[in-house]
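Okay, so subunit A shows up in both of these, paired with subunit B first and subunit C after.
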Partner chain A sequence: MTAPLFGPARRVFELTLGEMLWARRTAFMALAAGAPIVIAILARLAVVNGSAVLTVNGNRIGTQAMFETAVSVLYLRFIVPALGVFYGTSLIADEVEDRTITYLFTRPIARGAIVLGKYLAYLLCVAAVVLPSLALVFLIMVPFQNMGPLFGKLLTDLGILALGLAAYGALFLWAGVSFKRPLVGGLVFIFGWEPLAMVLPGYLRYLTIAHYLQASASNVASVLAITAAAVLLAMRTIQTREYVLEQ
Partner chain B sequence: MIIAAEHLSKWYGHVSGLNDVTVSVPEGITGLLGPNGAGKSTFMKIVTGQLRPSTGSVRVFGEPIWGNPAQYRRLGFCPEQDAFYEHMTGMQWVEALARLHGMSHDAAQAAARQALDAVDLLDVGDRKIGAYSKGMRQRVKLAQAIVHEPQLLILDEPLSGMDPIMRRRTIRLITDWARAGRSVIVSSHILHEIEAMTANILLMHNGRVVAEGNVHQIRGLIDAQPHRVSIRAEQPRALAQQLLAGDDVSSVRFDGDAVIVETPRPDSFYARLTGIAASGEAGAVDEVTSPDDNLQAVFSYLVKS
Partner chain C sequence: MTKRTRVFLFASAGVLVAGLATGLVAWAAGAAAVGSNGPDELAYVPGTASMVAYADVRQVMNSPFRDRFGQYQRGNGSGPYGIEARTGIDFERDIDRVLIASLAGQPGPLFPPPPGAGAVSNATGMSLLVARGRFDTVRIEGLMRQQGAQVEEYRGKRLVSIKDDTHGATLAFVEPGLVLFGARDGVRGALDVKAGAANGIAGNRDFMTMIDGVDEGTAWSVAKFDSLAGSTPIPSAVVNQLPPINWLAASGRIDSGLHGLVRAEAQDEQAAQSLREVVQGFLALARLQSTREPAYKGMLDSVALNADGKSVSLSFEVTPAALDLLAPGNAARRPAGPRRP
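== the complex of A and B ==
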């Protein structure tokens, strides 16, 4: 009784893309992607006016260093995990809460195709907003003469952000498929567990996604493996799970 | 038999939704009649593979339905819940769902047009569902259920909230559907709605099938109970005046812009209401609903006896 996967997933993908534009969380995504651009403009203006925005031990921090801080703190520690948790948990949970899942579950498509199509739509949607946002911040913050040498670093950062969006989205997609109220647990994971585990000694950091988003070939493989495992697990869970809709 | 259920039970934690139901549903139209909470929706959700039975088994067209998505090529479901992608137009929504049946863009568009036409929504197909009236929302749900021309249509309270004219048209659509050699299972808590479509009914109460067979056998019992109808109309007072002119209305009162009518003869009353709505003499009749307390009284009587 195996049904085709990719054709139906593509159709769910098309349907979900349109849906995501109208989702309640779209305003949050716009804010998340727009805020760094505004901060970058303000920082650049401050530097142009001669006042340093940040100083460390009396040393002025330039816009190039600020860009790197923006990537590691603003994007990787806040925007990417937050988008992953808000969107990932909602992909299926919203359909269940809104009771529209019935229309998807009573079509001749495998439930796994619904999960896959929705996940790919999420990935395209957030990547299309977050990656250009980072590129814009780079163009605003990094002085023109430094752009050439730093272009390779920008490409690496874009890749890491894409991997982060994929991994967090997949993990929280699985949480949304498996649990009734996944958002709170997701927020605790990204803003409680991850920062804590990253500073604790020992091996606890291996139980975070943030740890694997540090550029190295083995970490890239780990992030891809986490992503694939979470998506497959979500596809398997939805296949066997029963959703009792409230009337 | 299109559906065969054996010792079907469903528990929601400690609450029983369905209790040891063994039933065979033949081809044609079958009415599922029972008050709210009788187990009709649970039965339909199990039969449509959305819920898994706690015990027992169900086969649709001789095959299991849970985890068997290929079955949905032959099955169309219109749920009770008023849930939509509100920002989509009726056309976009029905077409998108048709696409999930594997239709090409053009085929899905043509099928959606045909389905919307069948439920008299083609002229407002480009309007957002969020702007639809209750009756239109009911009909667009029906359109998504028939868009792939299934062999079996399962409709959960499809007439709820429709105005009298649309109610009559929808009943005709359902009976025509069955006349073309296809099958329908339709639930309602209003006997005369079911009776207008079929004589073959399953009576449900407290999660059990308490009777099955010909509707006329319980007819007398149900008619003995006063039947209450709530009508939302453009000119409620003019409508009440028209309704009181007939001898099939025993009382009328107002509740906001709704007229609440009690009738001892629902058949005659509904026929007359449809005539009044069609004539437009009392303005537009927007929504007709009936609480299930009259049916609940019948079931209480049946269970006690």
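== the complex of A and C ==
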């Protein structure tokens, strides 16, 4: 008989969400989400005072370009992948390292439910921090009269960030379930492989998540497929893998 | 889930909803002000504009109608003080869309007349050109500097101004791929409007209603009728006999032919009815004259005159065949009209 999945997953989700939000690691998340807000405040003050002028090829950078740069450079290139790798790899790896995985495994629940519950808790936790952060950056950086034309872009960006958090988190959750030292490999992937593959000619960019985080219907489907595949792989891997706890 | 976790999640959702709601309000306000189809370039047009004209230059240039029309076109409209001479911007090659507005009073010349044609002053109004396309800013600025241009900053934008005793022209690079060109005061006024420091045309509900009615055309124009007095080729004696008109709008859809619409907004329904009768009279006269000119006859057959409330509209078509017949070189091929006894 197959053990129930969603009931136990919900209990793991609630337990993990509280732990994640109020853990020391949350300081890193607050820093990552707060930095763009501080930068937005400084940039807006500088522009209003006229004390700083950002120009590219002689053209002054307007609020629209500044907002788009914040999204593409700060959020998509750094914050989203970094949160994905730090939290995704730690979801199971921390339990192994702290030797608390045994307590979870001895519960009469499917191992897949543990992975699913923890992943959903991660997703809500990071989304609850990153998406409002982007909304605040939008409110601070963009003057009201320019918000109208950018509203559609804001919605798209929020969707892309949510997809990015889901995909990176799922990929590194699977890495955390499968490998002993997933963090180093994850950092190499997001800060080494992805930037390199994105600029190399050919098809290497298809082996990155960043490539699929570009607004198009086919890319959205690809990101959702990667996410679902990674979560299912993680659930399947934890079901069969034996964890040797170091003394 | 603990209480503080719930509070955190609600606060987070609140911030997100506040951001989205503000953006939604701004979007709705912008959509209501500018209209559903008004071009973005209207954001630079001051509320004092008396005439606004817009053209999708790329669509016109790529149309078969333009190719055919170009065969019969003579001369070059760009004078020594035109945008091409001043900036090196090639209207046909570099510009995709253009919007021209006449500001403050009567429609003034976009490009000042040559020396000897009379002094240029703001008393006759200024014109502003907002062009979207591909611009080599370094080359353009270099060319203007060679003509003695001065560079200044205004509201964070780079203004390149050429001025001599009788002429003045300013070019501003306001967005990537968007330039303003016109009198210096006009360009600065446009930047004031964009910055929200002056009223824009979007706040003029009547003007925007007229624009919404015509802006599906490849090219269109909306003007306050009194601003056109003295600048139309129609004799003032005829203009004075016309019923009172508030607005005049024209639009054209260009493909292999030209599908045109001219719409006048009279002061009241009585004036609209009178105007309709006047136009009907002119059409009857034109039809009488066109019996000897099949090209005109075909065009006049396509004319439809409508009146609805205070609005009188006239639509027409210029087909490729009619254009061929109207061409100067084809006069010999036109069938001869009935000879007078």
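The definition used in the following text is that the second predicted complex is superposed on the first by the 241 of 247 C-alpha atoms of A that agree within 3 Å, B and C clash if a C-alpha of one lies under 4 Å from a C-alpha of the other, contacts with A are read in each partner's own complex, and residues count from 1 in each chain.
Throughout what follows, a contact is a pair of C-beta atoms (placed from the backbone, for glycine too) under 8 Å apart; a residue touches a chain by one contact, two chains touch by 3 or more.
This one's a predicted model, so the numbers in the text were calculated from it and none came from an experiment.
On the shared subunit subunit A, the superposed partners subunit B and subunit C are arranged side by side without overlap.
In the superposition on chain A, A:L233 makes contact with neither subunit B nor subunit C.
Applying the stated contact rule after C-alpha superposition, one finds that A:G18 touches each of subunit B and subunit C.
In the superposed pair of complexes, A:V220 makes contact with neither subunit B nor subunit C. Once the two complexes are laid over each other on the shared chain, residue contacts for A:P8 go to subunit B alone; subunit C is not touched.
In the overlay built on the shared chain, the residue A:L131 is in contact with subunit C alone; subunit B does not reach it. Of the two partner chains placed by superposition, only subunit B is touched by A:R99; subunit C is not. Contacts of A:L183 after superposition on the shared chain: neither subunit B nor subunit C is touched. With the two structures overlaid on their shared chain A, subunit B and subunit C come no closer than 10 Å at the level of C-alpha atoms. Subunit A residues 14, 18, 22 lie at the interface with subunit B in one structure and with subunit C in the other. Residues 1-2, 4-5, 8-9, 12-13, 15-16, 18-20, 22-24, 26-31, 40, 137-138, 141, 156-158, 173, 175-176, 196 of subunit C touch subunit A in their complex. On the subunit A side of its complex with subunit C, the touching residues are 14, 17-18, 21-22, 47, 50, 53, 57-60, 62, 124, 128-129, 131-132, 134-136, 138-139, 143-152, 154-155, 158. Note for the complex: subunit A touches subunit B at residues 1, 3, 7-8, 11-12, 14-15, 18-19, 22, 98-100, 102-111, 239-240, 242-245, 247. The residues of subunit B lying in touch with subunit A in their complex are 12, 41, 48-52, 67-73, 75-77, 79-81, 83-85, 87-88, 92, 96-97, 99-102, 144.
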